[in-house]
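Okay, so subunit A shows up in both of these, paired with subunit B first and subunit C after.
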Partner chain A sequence: MADARGARLLADLDNAFKRDPDIDEYDMLPVLEPKHNKSPFILQDHKLGVEAWAVKILVKYASQRLKGWRSRQAGEQFTDPLEVSHLSRAMLLFNPEVYTAWNIRKELVESGYLSVTEDLSFGALILSRHPNSSETFVHRRWLFRQLLDTCLSSNSANNSPCTATPAVNNGHLVSMGINGVHASVAPSLCDNGTLALEPSRLLSHAHRELRLCSQTAEKYPCNYHSWSHRVWLMQQCFSSSLEVLVSELKATESWVCQHISDHSGFHYRQFLLTELHQRRAKLAMTCLLNSTELLMFEMSLVCDLLHSFPGHETLWYHRRFLFQALLKSDWLGSKLQKHSSNGHVEHAQTKDPDALKSFYVSQEIENVTKKELCNSDGYQQVLAQKYVHWLQTL
Partner chain B sequence: MNNHNHNNHYSSNSKNRTEEKGKRKRHSNSRNGASPSSFDWTTIYTYEDDALINKKLPKELLLRIFSFLDVVSLCRCAQVSKYWNILALDGSNWQRVDLFDFQTDIEGPVVEYMSQRCGGFLKALSLKGCQCITDRALQIFAQQCRNIECLCLSKCNEISDLTCDSLGKYSSKLRKLDLSSCPKITDLSLKFLSNTAEGHGCPHLSYLDVSWCKNITDEGVIALAEGCPKMNTFFCRGCTQISNEGIEKLATAVEHLMKLNIQHCVNITDEAIETIGQRCPHLSLLCASMCTRLTDASLVALGHGCPELKTLEVSGCAALTDSGFQALTRNCHDLEKMDLEDCIQITDATLGHIAANCHNLNALSLSHCELITDEGIRQIGSSLCAAEHLQILELDNCPLITDAALEHLMACQSLQRIEIYDCQLITRAGIRKLKSQLPDILVHAYFATVTPPPSVGGGRQRFCKCCIIL
Partner chain C sequence: MKLYSIAVLLKTPQEKGKILTSKNELSSFGYFQRSTVAEFMSFTSKILVERTATASRASVKEQEYICHVYVRSDNLAGVVIADHEYPQRVAHTLINKILDEFPDKCPKAQWSSVKENEAPFPELEGYLQKYQNPREADAMTKIQSELDETKIILHNTIEAVLQRGEKLDDLVEKSEGLSMQSKTFYKTAKKTNQCCAIL
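Let's look at the complex of A and B:
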């Protein structure tokens, strides 16, 4: 009995998507039993509602058929690829962690029955309901690699070396187009004047991806997978280009101030700062920015937040990172030793690195003790004490 | 089981014998390089002939038994002993071969080898889904197996017109050919198969399926019609380039067109069907689903000219109305299967005509025919066909149907399946009543139709967990 309904439910789902290819959100409606002989799919304003009782039947049916197809069972071998993609869609909408279904979609993409853009928008739909789905992000990275491959191959076929300043890239033609371009999507003009569409298309996908990362990070607190995906995007699609890193730093600043307990968000900024610091010479040359200044600005930011919002462990850990980064950086040799937490300007007495280090550590301990330990109580005090303890082990 | 395996039957054979010897406390087989034993090859041979089955059954009976086996079993038998190897691989057992279950494992060499072994014995071969088969392999096949009568090459993506060239040259006895979903096939294939190209053609060809071969056009169909007058079954689903011209020529030139499937051939209009009505009095199956340009004129023509029509599928032909069906059913009393899905102009009047005239009806689909009401179902339910013949009835997405319709169907003793998805006026109670009258019926609705198992041990209430927990 359940099987018969499964086929019908799948057909209904397919019809819903056919009627409205722009569905951008979906969810389950808490209807446990069908009261009327009515289709459980409700479609309105690009939102899809599925009554809860139908989900189990549909997923079971889809998984049965996919398993049969995969293992080349007698009746199922010849399932049309379009049908297979519909089955995997039904499966993944309610169970995005089943990577077998994702792998099936990979096979379909490879044999050309499914386009990368389609699959990307489908993944975005899934992320609207399951923002923390690791398998979805893994699949998206694979899709991006496919895009990158086609982009590279098509560009080499066109024999079009784009005019580019020698950006720090590892062969990714994408970055050649975006030097001097910030967040806008501008197709790059090549030497021979033809429009290199592929890199711009990839760029638009990448920007959309960044927006998606922001949305999923918003929907689910401490969304590790979403932020890691963002890191990956920085590294692979934007080739860690300095302009982009700097703009990301600016973009996430306000977000992080509003989500002060989101460790993944802070970790992302740590990644940005590390990257920028590693290439500080280039940074100084092209963007006229001093990475140490960035670190110190961050430090002042975190100290402000610590004052305003006592009792958030994330901020303390961010401070630890920043302090260590500052220690390791050429701050030791720099003239500016402004400790903005108390506004005093301290000057180094010696040039010996070890002595300098212990000097700054003790400075920091003093600052924290003065400001935090005395004025606060409860959890903030515990955290401050832990921080001091950690400083002492440095 | 790969066909190649039977080449290795000696080594596997000796292992079997070794085990058997072990059981009978004989020494190990000298072939394995072990210490020489106390017996020699002659002992082995006499042991083999001593096998009871070989003593009791003469060769002819063994052959007869083998003739019932399928490919896998035959290959396994061929590995048992040298004697059985000869018998199992005898051509007479390989007249009908179906390699559907092996599919992508089947490559050219397999087909070539098999052609050589089976030779003139092979009459029916199915290579459905064997995507690695090439024209070359089939050329060798055609040359070796001249007596082939039924050949299925559906979904063999790699084959092209060259294959049909080979078939046209060598397979003069070919009666049935399935080339569906072979995208490289073009009109040239049809010309090779008919007599019009150089070569002999397949004059006895009576069944041809070129569904989803999108390169086929009227030209090929015309050539086919002229060259294969015995054609009685022609399927060209999805061949969108085919138009009236090809179909009319087919209807005119062949002797007895009986089955025609032109689903999705959107260029077909009433003219072609009218020609069919005039020239094909023995037509028993017509599928013209999604041929959206057809109107009532087609139904009138069919009514006039094809009284033997048994199956009519016109789903998606939204221009058809009651008057067309009235004309059709007036003369076509043998109709058994009708698919009228999406014929949205149909009303109860059509059902009345069907009920009055088609007494053998066993499957009727009225999905999405939104004007149908309980009254139409009442007429069907009380007609002569209902009680004995009606097996399948599809009423999904007919919003005016209510429980009353289900009551009208209670007399249909043969009813096996009824579809009522999205008939929102139907209630659980109505379905329950129907099922109490017809206990074996499958009612497909959105309601869960779990029948609780008979309670064991005093009628304790059992919960159906799947309906509660997700």
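Let's look at the complex of A and C:
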């Protein structure tokens, strides 16, 4: 009885996806019992609503079928790959933690029954309802690996000199993406135009993925999985290209200003600033930017935010990171030079880096004491006090 | 930080909350949840106005939301629903501003006769959008002293605002402003311990 209803529901769900292949959101509707003899799947404006009673039956059915198929039990007949893909879809829509179902989809992709693009948009659909599903993000990284591999193999098969190393190759990709130039310029990468389409496809997927990360971060506060996925994209798909890092720094600035207690978002900026600082020589040359100035700018931003929105621990931790980064940067060195060139060296101690460091630490302590410690109350004061304590340990 | 809803209400002589005008920003909620969320925003606004004494302010936490309420001495009331990041002072200053302007558009004589949620105040939508970003909206976040002396009473849940013997579940069940669908949403969300909709 239940089994028959399960098969029927699966067919209904497949129909819904057939009728509207562009479903971009789904949700459960609070209908606890079947009220009429109609399909429990409602399509409206590319959104799919599923009546709650149907979910339990459908998931049970899908998981039994998948389990049977996987263990190749006696009596379980051959299952069409398309049906397997539909079963895993029904399962994952409501239960994206099931790793087995994701693995089944990996096998389908590898054997060519499911395209990477299809599976990427399916994952995006899942993230619309489960924006912090780590399994979904892991699966997407695997899919991107597939894209990267095909991209690299198509290029190395080409034997063209400009695509010999992946790093150089991706460097080209990225600058193209920034300028908004895609497939039209791609053939210039290689002598053989047909194969060069792959990189541009990867690039457009990667840019779409960045937008997806922004959406999931917006939907679920402190979305660690979304932001670390973004870090991975930067490192693997954009090869930490300086142009993209700089554009990301710009793009996330207004975001953190609107999400002042989201540490994951601020941590992403810390990652960007660290990467940029590590390659400061190249940054100065290609982008004409000074990484220390970026840090100083970020410091003034966080101080401004602390003033407007008191009482958020995230902001204080960001300030700690920045102060530490500034101490380690050539900020101290440049100050030292300035001091000596201006002839303002009043104390001999300022020439000594250690003394200079303690001078700046005490200056920061004084700043905090004057601004935040005396003029604030409640939690902000507690946080400011903690920051001062931390400064004293430096 | 997000601003979900602004509402202007009248606390009637029978101690009932009547919505004069309201605007919601619900794009961050799921498509199928929006109508329910909107109903619960109005429901909550009314409950809070009914249980807040005249000439007093309150900020009430409920899961990931904070509802800011001010009932003026002439029984005109304002409710702003925002998230935890949204600065409390800005929310209350915004209420002040709106309650100051509202009588110019809809004079006091009409408050009791105007239909529910139909008072003319087209500026409300603009405020809801502009104040999504409090730093750009006004320099007032930097001026901390502008708010009047009225103390803001803090509550940690809506249950804490209710009178003795009152239960939120009963209020939801009895409410006329909530549809059957919203009531089922509330019950299922409560059962599975979700915080998908407001309340």
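Definition applied: the second predicted complex is superposed on the first by the 341 of 394 C-alpha atoms of A that agree within 3 Å, B and C clash if a C-alpha of one lies under 4 Å from a C-alpha of the other, contacts with A are read in each partner's own complex, and residues count from 1 in each chain.
Convention: a contact is a pair of C-beta atoms (placed from the backbone, for glycine too) under 8 Å apart; a residue touches a chain by one contact, two chains touch by 3 or more.
In this text the structure is predicted, and so the values were computed from the model without any measurement.
Superposition note: with subunit A as the common reference, subunit B and subunit C can be accommodated side by side. In the overlay built on the shared chain, the residue A:His259 is in contact with subunit C alone; subunit B does not reach it. Once chain A of one complex is fitted onto chain A of the other, the partner contacts of A:Phe78 are limited to subunit B, with no touch recorded for subunit C. After overlaying the two complexes on the shared chain, residue contacts for A:His312 are found with subunit C alone; subunit B is out of touch.
Once the two complexes are laid on top of each other via chain A, the angle at subunit A between subunit B and subunit C, using C-alpha centres, comes to 100°, given in steps of 10.
Within the superposed three-chain model, A:Leu32 lies in touch with subunit B and with subunit C [touch as defined at top].
In the superposition on chain A, contact is made by A:Ala4 with subunit B only, not with subunit C.
In the superposition on chain A, A:Trp53 contacts subunit B only, with no contact to subunit C.
Using the contact criterion defined above for the overlaid structures, shared-chain residue A:Lys219 touches subunit C, although it does not reach subunit B. In the superposition on chain A, A:Asp45 contacts subunit C only, with no contact to subunit B. Minimum Cα separation between subunit B and subunit C in the superposed model: 8 Å. Shared contact residues on subunit A (touching subunit B in one structure, subunit C in the other): 32, 52. Contacts from subunit B toward subunit A in the complex involve residues 101, 103, 129, 155, 396, 420-427, 442, 444-450, 466-468, 470. Those residues of subunit A lying in contact with subunit C across their complex are 25, 27, 29-32, 44-45, 47, 49, 52, 129, 218-219, 221, 257-261, 307-309, 312. Contacts from subunit C toward subunit A in the complex involve residues 1, 28, 30-33, 64, 84-85, 87, 132-135, 141-142, 181, 184-185, 187-188. Across the complex, subunit B is touched by residues 1-2, 4-5, 8, 32-34, 36-40, 52-53, 55-56, 72, 74, 77-78 of subunit A.
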